[in-house]
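Here the structure is laid out as structure tokens; the discussion comes afterwards.
We just call them A, B, C, D, E and F in the order they show up, numbering each chain from 1.
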Amino acid sequence: MTKKIEAIIREEKLNDVKDALQAIGIVGMNVTECRGHGRQGGIELVGRSGAYKVDMLPRVQINIVLSDHNLEQAIDTICHAAQTGSVGDGLIFVYPVEDVVRIRTGERGRAALMYPGDIDTRPLG
Amino acid sequence: MDNLNTGDTAWVLISTALVLMMTPALAFFYGGMVRKKNVLSTLNFSFILMALISLQWVLFGFTLAFGKTANGIIGGLNYLGLTGVGAEPNADYAGTIPFLLFAAYQMMFAVITPALISGTFVERVKFKAFLIFSLLWATLVYDPVAHWVWGVGGILRNLGALDFAGGTVVHITAGFSALAFARVIRARRGFGNGSMEPHNIPYSVLGAGLLWMGWFGFNGGSALGANGLAVTALMNTNTAAAAAGVVWMLLSWRDHKPSVLGIITGAVVGLVAITPAAGYVTPLAALAIGAAAAPISYFAIKLRQGRHLDESLDVWACHGMGGLWGALATGLFASKAVNAAGADGLFYGNPRLFLVQLLAAAVTLIFAFGMTFLLATALKRTIGLSVSDTEEQVGLDIAEHGERAYA
Amino acid sequence: MTKKIEAIIREEKLNDVKDALQAIGIVGMNVTECRGHGRQGGIELVGRSGAYKVDMLPRVQINIVLSDHNLEQAIDTICHAAQTGSVGDGLIFVYPVEDVVRIRTGERGRAALMYPGDIDTRPLG
Amino acid sequence: MTKKIEAIIREEKLNDVKDALQAIGIVGMNVTECRGHGRQGGIELVGRSGAYKVDMLPRVQINIVLSDHNLEQAIDTICHAAQTGSVGDGLIFVYPVEDVVRIRTGERGRAALMYPGDIDTRPLG
Amino acid sequence: MDNLNTGDTAWVLISTALVLMMTPALAFFYGGMVRKKNVLSTLNFSFILMALISLQWVLFGFTLAFGKTANGIIGGLNYLGLTGVGAEPNADYAGTIPFLLFAAYQMMFAVITPALISGTFVERVKFKAFLIFSLLWATLVYDPVAHWVWGVGGILRNLGALDFAGGTVVHITAGFSALAFARVIRARRGFGNGSMEPHNIPYSVLGAGLLWMGWFGFNGGSALGANGLAVTALMNTNTAAAAAGVVWMLLSWRDHKPSVLGIITGAVVGLVAITPAAGYVTPLAALAIGAAAAPISYFAIKLRQGRHLDESLDVWACHGMGGLWGALATGLFASKAVNAAGADGLFYGNPRLFLVQLLAAAVTLIFAFGMTFLLATALKRTIGLSVSDTEEQVGLDIAEHGERAYA
Amino acid sequence: MDNLNTGDTAWVLISTALVLMMTPALAFFYGGMVRKKNVLSTLNFSFILMALISLQWVLFGFTLAFGKTANGIIGGLNYLGLTGVGAEPNADYAGTIPFLLFAAYQMMFAVITPALISGTFVERVKFKAFLIFSLLWATLVYDPVAHWVWGVGGILRNLGALDFAGGTVVHITAGFSALAFARVIRARRGFGNGSMEPHNIPYSVLGAGLLWMGWFGFNGGSALGANGLAVTALMNTNTAAAAAGVVWMLLSWRDHKPSVLGIITGAVVGLVAITPAAGYVTPLAALAIGAAAAPISYFAIKLRQGRHLDESLDVWACHGMGGLWGALATGLFASKAVNAAGADGLFYGNPRLFLVQLLAAAVTLIFAFGMTFLLATALKRTIGLSVSDTEEQVGLDIAEHGERAYA
């Protein structure tokens, strides 16, 4: 079965997360800029005279569609790489995916999700 | 044309270009501080005034300000359409440059002053109301005050008030008019809930950098020649801007962090404050004037915020209070040793100048505030001042101009 | 069960919707800028000389992951706050969510979705 | 049943895809800018002196919520319009949708997804 | 060096700097109007010409334009590599400033003219084709026309044609060359379906603001001294820009809404139109010239759109038609009372000047159009003019320069 | 004041304004090349120095550089607070303009030099460390070197070293100080993995365009008058920039594609290289100097990259090596035929000048490198040079200034 991971992380952690995922062989991903709001209350910014609060903070959303047997490993890896320990580290959501089509080749389903260096092409270990 | 001096003419020509440039510079200074959906509207407030007020000035503004005086109150119509304003110098105003150049140079001051006011009503004013207001304000407020202070026979000039480059004529009028307008127009929807973050501070930095440069023409050019006085004014201008920038940095650092928007605002406030004094004081006095200007405007902003008044880009705090301080500081620091054509201030043993400065500032301030209050109220009651809530939500760029700044 | 709401609304309504949701205790959310196209045909923009039509209009997409017992209330609140009555008000889509992980704490599922001031911590009424 | 298509395509193909979908009567859609990473390794950019590799490339994500009987036709259309044949053409993901609400009208479900000129209002053929 | 005047020299020095600045200003004026993926390419069209044409000018361009005339058609090679162009004035061109300064000042005109043309083929031209075209164009079109109009012994100068600061040499050549080029190069893919929204109008506003300022050097500096004539040119320049900006605003308001892009375009068109006339007319005539320029270009754009011609940034409508109107208007409004070295126009009882202006404009226009058509066709048949469809879709920044403007 | 010349004064006044503008221009040149999260910080490095160093200069910097010499090493305190620096010319430095204007003009050089250095430590330096460093550097490196090279009695001036507008004083000091600083401060996290794409190249193009213009004041103004020398300097400046821009384009085209960032960098490098030579060489020599400067800096960048040194914006390669080449090239191409007050270079049969230039450059280079190394090390050991990793990840705009550039 195929799943979608939507990880909402700090902007500045994107490179770390990308590298960590690549290290375990998760190659395909898609990143959007977003602004979010959760347990973290917002941050204070300084103006000309006095400060003000901004309650929507920039975040980065990483979308990864992957096979469910790689799901837990991906979640662990993201959690690890994206953590700072202070509020605002973000969330990971998991969704069901019904189908995958690779536009260039027309491949469908799991086959469409294989990459050079992919986690599923690596020897077990 | 015997007295024409090419060096003086060259310097005032380029100063004219520099002051012209201050208006687009101001556009970016302001434009960076509004939200993305209103940036074109904000830029255009400045840009269209380059066009509109230039025409007003050529047709009748110049003559109202510098025509033959009618009892010191307003200029006569002898220079209507710039007739009689030509290549010969007019010794009353500037004996070594063409009179037409004097008119062109002064035009740029007439253009930027209402543009300064626009900071008070950005993000909600109706474009049509803005146009009518600006034209009326230039005619009924700027031209008379320019006549009082700079016109031969003008009442404040006769009084002995000093205003080297427009602390009173430009900054006090703009700042207190902005205050009056803000009291008449409604606040922006959502004002006070912190959702009005500047959309592009680099634009404001660009604007401030170009304003700093342009101010060399604004103050230095007011010497109306390439002489020692111009040099003094330039050095003072730079020093005051520097001092105010550093002090503002320290203030915002003390309270929070050293804000870049604060630093550039400080520099601009220093430039405002030195404007009336630039040709009358020493560089060290300029340093003091700039350094003191920063806290004055800084706390004026806090005061304004405390009153929950949506004077959106703090024209009053920066230009009104900065200009007022500059006018008074001229009464303190002016020295005949610097400029024999000036006067000694309080610190040089002449309390009278200080009182004259106070009086001139007060008269101007009350007049500008009152007239603007009337004009704005009249417009509000007739065509209305502000756009509808929906238009404000969509943003003035699309609602008023049918355009988006960024695609 | 956990659901994801994807609400596509007018940019200028974002603050209203955010405030309305906060008022009923829905705190966590994530916002992306997008451009859309639906029943509304596009708008006319003015050029140097003449006007032209833009058929992809800026919208804001709000993503909220929440428990399904809060779903209807959230939908109602959004509909209410985002409506202007003219074409282009937007759509709300609801998706199933399989899992939620809070990166900072490692909490999973419903626990990961509790916030200070959250709707689920409020007294009934 | 309602489905969501998430198509990640090249930026420069957006207009082609939009036009192709419109031609078959698929009107509603929502577009986000994103950056992605897949089989394509990245591109080389030139600096002051020397070049460097950028491994997250700009993509455009098209979201379309539609009835499942239109799904295959939409996928085909997108594949066709978005293809260049070289790596980086992108992927299409399909997700289940549980509900749809039209904010302006309160319409729900399939009714909420009808547009003027819609595929489902066209005569068969 | 007896006749060197420091004031005149100072003014032409700074005017040279101002006109230089117009090229990056133009880069932003244009750059804001293209799509994000082509902005670096568009900026670079202007920037690289600052480099390329400067070299061309120093090496052989100047001598082709201002060398000893060969039958009024082209300059000789006596100033090759600027030999003999030094600190002494050349009374033929400017008796009070170093001849080398005249060469430097004129260089900036040679630089900006092909940069103006670049607006016609943005977003699709091959960089290599652009480079070759620009170099050839500067040599085969600009240099000869400059010689005809401004060179001692030049055929149009001998005819008595007036072109104060380049309405014919700069704007007519650029505008009609743009038209010719647009007829040869294919349109952008997707042209006409409305998907080509400007990506950053504030950049265009910045560019327009700096262009306005720079034009004081362009027209004012063409007096080649800091004198009454420079002042007249400056005042006329500002007035025409103002009038055209306001009129364009009204036109676009009448049809839709008061477009900001329209207002700044109007101002630029006013600047174009006053260019040939700046030193020959009164401020009120400048007002009329500017006011009439706006509808001329406005409806020229509509005409061009109606013909479905992808003359992308309307160089023809703005510069070609604006310059043409300016050249003819000089034949109407010129007055010896303003400039004794000029001539009287039709409205001052001298129809001959109007006919001369018409003839000079027609000759230039036909030559520029024809030569550009030939050059562009030749390049199209050899190395090709436009990039491939894929490259165009990806954008010229990445395809041609391997760069992205924004990250 | 008998000798005051208004034309000279006008030109140096406006040159002062042009050089002032170069600092915000540099801010944008640099600001475009950093990541979005650090742009305000980067802009501010330049902007705050306009304020900070202006004060330093007025209070004591000027006197350290141009006060009565103490053994040719440093200026005395006779001009502390600019006392005695007034409207009268000082024939030692500039006989036809107010001495205060000379001080103002020189101030702008003192401001921009430390701003140039800031390119080396962007995106990671602590703001407080930056402020202290800049103030100390201006006092302990810039002021002495300015005295050596330009002060009456200065050791390098006495030696006969030529530096027309600051190739040694400005560019060699800045470039080699940048190198030293980069060796002391840690690299940016992630440096070398290609993730540091410039966030807004159009800003850099804007900066480069304005720098080009400003450099006319930098080099042209260094003639300290509106004369043939100023014109020569201006023409050379433009020609060298043009040549270097074109050559850099060809280099990057040969290796990859014609990079726009490369072209503008090339132009700036050409401007750097011609700085010391601008008033001593012919335009064709300027062409050669510019053309050779491009590969020198181009390959210096490659060298620096090969050493994995995070000298972030290549101040050393562009300013240090460009300035060094310019200083040596002055020793090659200088000609008394161009400037009688100069000297003949190697190519005009005088090998001595080349050796003097080499010596002066070497002394300056070693002094600047050494002092900066010491200063940076001392700061590193005390308050620390760089922000924490978390602050760097978040970006200096928020971490150090509490601001975001774009909303």
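Keep in mind that, in the parts below, a residue touches a chain if its C-beta (ideal position, glycine included) is under 8 Å from a C-beta of that chain, and two chains touch if they have at least 3 such contacts.
The model shown is predicted, which means the values in this text are computed figures rather than measured ones.
Common neighbours of chain B and chain E, by the contact definition above: C, F. For the interfaces C-E and B-C, the C-beta contact count is higher for C-E.
With centres set at the average Cα position, the gap from chain B to chain D is 52 Å. One simple way to say how far apart two chains are is to compare their mean CA positions; for chain A and chain F this gives 45 Å. The mean-CA centres of chain C and chain D are about 20 angstrom from one another, to the nearest whole unit.
Each of the following residues of chain A touches two or more other chains: 32-33, 44-46, 51, 54, 84, 95-96.
Looking at chain E, one finds that residues 5-8, 10-11, 14, 197, 206, 226, 256-257, 259, 261, 401-404 touch two or more other chains. Here the touching chains pair up as A-B, A-C, A-D, A-F, B-C, B-E, B-F, C-D, C-E, D-E, D-F, E-F. Put simply, chain B touches chain E in their complex at residues 1, 4-11, 13-14, 16-17, 20-21, 23-25, 27-28, 31, 39-41, 43-44, 47-48, 50-52, 54-55, 58, 81-82, 86-88, 97-98, 100-101, 103-104, 107, 127, 203, 206, 226, 397, 400-407. Residue ranges of chain C in contact with chain D, taken from their complex: 3, 7-9, 32-39, 56, 59, 61, 75, 78-79, 82-96. Taken in their complex, chain E has these residues touching chain C: 194, 197, 251-252, 255-257, 259, 261-262, 265, 298-299, 301-302, 305, 314, 317. Within the complex formed with chain D, the chain E residues making contact are 37, 190, 193, 195, 390, 393-395, 398, 401-404.
Touching chain C in their complex are the following residues of chain D: 4, 18, 27-33, 63, 65, 95-104, 106, 112, 115-116.
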